[in-house]
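To start, the structure itself, in structure tokens.
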Amino acid sequence: MGVAQRAFKPNVLRGVVLYATLTVIATCALFPILWAMSGSLKTAGEVTMPTLFPAHPQWSNYRDVFAVMPFWRMFFNSVLYAGCVSIGQVFFCSLAGYAFARLRFRGRDTLFVLYLGTLMVPLTVTVIPQFILMRVAGLTDTPWAMIVPGLFGSAFGTYLMRQFFRTLPDELEEAAILDGCSPWQIYWRILLPHAKPAVMVLAVLTWVNVWNDFLWPLLMIQRSSIATLTLGLVRMQGEYTARWPVLMAASILILLPLLLVYAVAQRAFIRGIAVTGLGG
Amino acid sequence: MTPIDATATAVARRRGPSGRRARAGRIFVAPNLTAVAVFMLFPLGFSLYMSFHDWDMFSPAKFVGLANYRSLFAEDPLFSIALRNTVVYTVGTVLPTVLISLAVAGVLNRKIKGIAIFRTIIFLPLAVSSVVMAVVWQFVFNTNNGLLNIILGWIGIDPIPWLVDPKYAMASLCIVSVWRSVPFATVILLAAMQGVPENLYEAARLDGAGELRQFVSITVPLIRSAVSFVVVISIIHAFQAFDLVYVLTGRNGGPETATYVLGIMLFQHAFAFLEFGYASALAWVMFAILLVLTVVQLRLGRRRAAQEERSWA
Amino acid sequence: MASVTFEQATRRYSSADRPAVDRLDLSVGDGEFVVLVGPSGCGKTTSLRMIAGLETVDSGRILIGTRDVTDADPKDRDVAMVFQNYALYPHMSVAQNMGFALKIAGIAKSEIRERVSDAAGLLDLEPYLDRKPKDLSGGQRQRVAMGRAIVRRPQVFLMDEPLSNLDAKLRVQTRNQIAGLQRRLGITTVYVTHDQVEAMTMGDRVAVLRDGVLQQCAVPRELYRSPVNMFVAEFIGSPAMNLVTLPVVDHSVALGDWSIPVPREITDTTAGLVIGIRPEHLDVGGTGVEMQIDMVEELGADAYLYGRIAGSDNTFGQPIVARAGGQDPPPRGSRVRLHPQPGHLHFFDLDGHRLL
């Protein structure tokens, strides 16, 4: 009974099958993006050919993107909107989440049930009145239309934070109370720093949602100067239907910042999902 | 206790530390509550109100009672088309998504070397915008130079007009939708699977269970609540689909209304035809359907659990 | 029913500097109840899991009966295991938990039902067959874990500290139940615990492990009477054996002002040694070691005196523990003479090995 005999155990076969399956799945996940990348570097004629790698990478396609749409302007807008709303959401939802989780006031529990109820309401019901609200307030076609609705938080974000705060031990807050902290101090100094996983989840979800949002910018924005990247891409799609390489180049450019954020935040984000019990 | 004493203690209570906390609670909740009231509750009520009127935002609103609802159900041929398309789309998205993500999560739920890289790659589509992906997939589905037709050409099949032919448009839409939904579902299911204690699998191995058996008898039952969650969320999301459909197959619901779903119908009536009353009625009908679906699902889930408990008696 | 044999079995983790289990040679006879005992990290659980197939064997062999199972899958080894935290399937009822392995093996439903109810009868689990684990108490869950193992009628039972999650009283009760059950069923059992009382009361033989190495495997009486080294001597018995390191002077050693003659074979080979004597083998009164009592533990039937050896020049030396009768133990602060019972002195060399 030597080492050699152990090496050919069925385990090796199992390993090969496993890695092969994983590679197939990973390819399925990646191939549209890879195909877009390859398309973005081809000439308009080459695009019809089944090659993965272009003959001569046409980096000029990427340059053309900037000529065709105000990329940096839109990038700035997307970052501005996503950033403001994310910060606002995190702050106001965690504040309210803390209140719902730990501070007793009259009507608290009924109010929370009401919050839960709104979670059920589909976007389709609220979008028309929200549109009208913005119209009436004269905020259409302004950056405020993109920021104000989400700035003070949402029911979902508050629900998330409240669930999370309930998992923190009571002693944390009790020690602070004994030390003489006011509720604000408890929130700001003690609970919020401990809430990193949940904050991470909420911030990333919010950021991604605002960055990728399509319907709302479509309804609210006319001027390109305040448009988001997402809206810009669709407009470009409408105007330059046959110029696939440039369209793909634009798509890749828009993908990249998010992929970067994803690569950095992924681990914390996934852990956050487990911790906040989002998975049922 | 005399009434005077009772009031005195009540006042004292309000001024004490619990009173301070209650006040802080109300202040902390206020901004968030305002936002929810203005952007959630008010729209909820207002859209219901609107659904009983005819309104185009320029002329004054005209009260029409249930006329909108009546024409929706009885007179509008597009409603039944949209409803049917939406149901097909929902089933065609949720079913494959759940099955595929169960399998993928099962494969990812291991501690082998390099698994982290695979997980990162497979979750990548999560980070990508629906819109961007729709643009990219348009390229993939392109009849003349799309990747899919190129690959089919290699095995000798004629190019399929994926997005142009009404027969295939819905299938293409579902493919993209599934591709988009699987990573999200997989993240949730994987997180749930990782909550299953390791020594349950050890006990099962000793009991004679092979890998597949362990997956079916232990992993899947123990993540049942996560699966329910994924199903419910996916249904709600698919039912209201708009972004993907608009960008992939156009604002009119694809070739010969092949992908004319309720989300597109709503958008059309509200923002193209400016029929806010009618669109609001449609929105409420969708809401009602979703509500019923969710309640039915919850009930079914509870009854299934009760049944299983009785099966071994 | 079969024997279990470890042949130079070794398990090494890549991150550790010493093997978790180091060339273990141990034989468990058919129907025997052997306990693996030792402090945490000694390798007892790892050894158990090697029998089950849940740990790979890096070198050496494991045999069940005459079959070499070193590379066999857990499901092909015909062993059943009771886990420390029971590992009950939370979504299945008690009956389903117990019947799971049989269901996989394809046994007929009627027979499964019969076997499950037999085992349930043995363990007083009949009223709980339809309940889920979360609705059971700790003791009940432990019995279900045992039932799950019994139902399979395996060749070997493996138990990984099954009593450690129970409260003290329940532990004693269950200890006897398990021992009785094993005697009745006659199945070869390997039992792991860190509690030496459990080991001594339950095992036909006890194997003491330390740092992955087997120290001694013998019947409890022999471990008590003739520990093969200082570690075993100190581990077995509570309170622990008194061990005093002393230099050899003039073929004897001095405990305070009392000297003990040491056999010539020993004094010829070493200049210092360790004397061992158990607290229960020191009688209060008469001639012997003088002890200054620092603390008295009264346990009712017995009392234990904790203190230090008093020297002739009023210096205080090493600590010592003695057992006295519970009726009227000498008070704290007083001095007594302790007379070692003849024949109960142990001699160890400075490396810890037994002399003589």
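Letters A, B and C mark the chains in the order given here, with residues in each chain numbered from 1 onward.
Operating definition for what follows: contacts are C-beta pairs under 8 Å (C-beta built on N, C-alpha and C of every residue); 3 or more make two chains touch, one makes a residue touch a chain.
Given the structure is predicted, the values throughout are model-derived calculations rather than measurements.
S.K.: What chain pair shows the greatest number of contacts?
M.R.: A-B
S.K.: Taking each chain's centre as the mean of its Cα atoms, which chain lies farthest from chain A?
M.R.: C
S.K.: Approximately how many whole Å separate the CA-defined centres of chain B and chain C?
M.R.: 57
S.K.: What is the distance in Å between the mean C-alpha positions of chain A and chain B?
M.R.: Spacing between the chain centres: roughly 16 Å.
S.K.: Identify all positions of chain B at which a residue touches two or more other chains, and write them in rising order.
M.R.: Chain B, residues with two or more chain partners: not present.
S.K.: Applying the document's contact rule, which stretches of chain C touch chain B when the two form their complex?
M.R.: That would be residues 52-54, 73-75, 79-81, 83, 85, 87, 89-93, 95-96, 99-101, 104-105, 130, 132, 148, 152 of chain C.
S.K.: Which part of chain B faces chain C closely enough to touch in the complex?
M.R.: Counting only chain B, the residues touching chain C are 197, 199-200, 202-210, 213, 217-218, 221-222, 224, 309, 312-313.
S.K.: For the complex, give me every residue of chain B touching chain A.
M.R.: By the definition above, chain B touches chain A via 17-18, 20-26, 28-29, 31-36, 38-44, 46-47, 50, 57, 104, 107-108, 110, 112, 115, 118, 120-133, 135-140, 142, 144-145, 147, 150-151, 153-154, 179, 183, 187-189, 191-192, 194-195, 225-226, 228-229, 236, 239-240, 242-243, 246-247, 262-263, 266-267, 270-271, 276, 279-280, 282-284, 286-287, 290-291, 294.
S.K.: What does chain A use to touch chain B in their complex?
M.R.: Chain A reaches chain B through residues 15, 18, 21-22, 25-26, 28-33, 35-36, 39, 47-50, 92-93, 95-96, 98-100, 103-106, 108, 111, 114-115, 118, 120-133, 135, 149, 151-155, 158, 177, 182-184, 187, 208, 211-212, 214-215, 219, 230, 233-234, 237, 244, 247-248, 251, 254-255, 258-259, 261-263, 266, 270, 273-274, 278-280.
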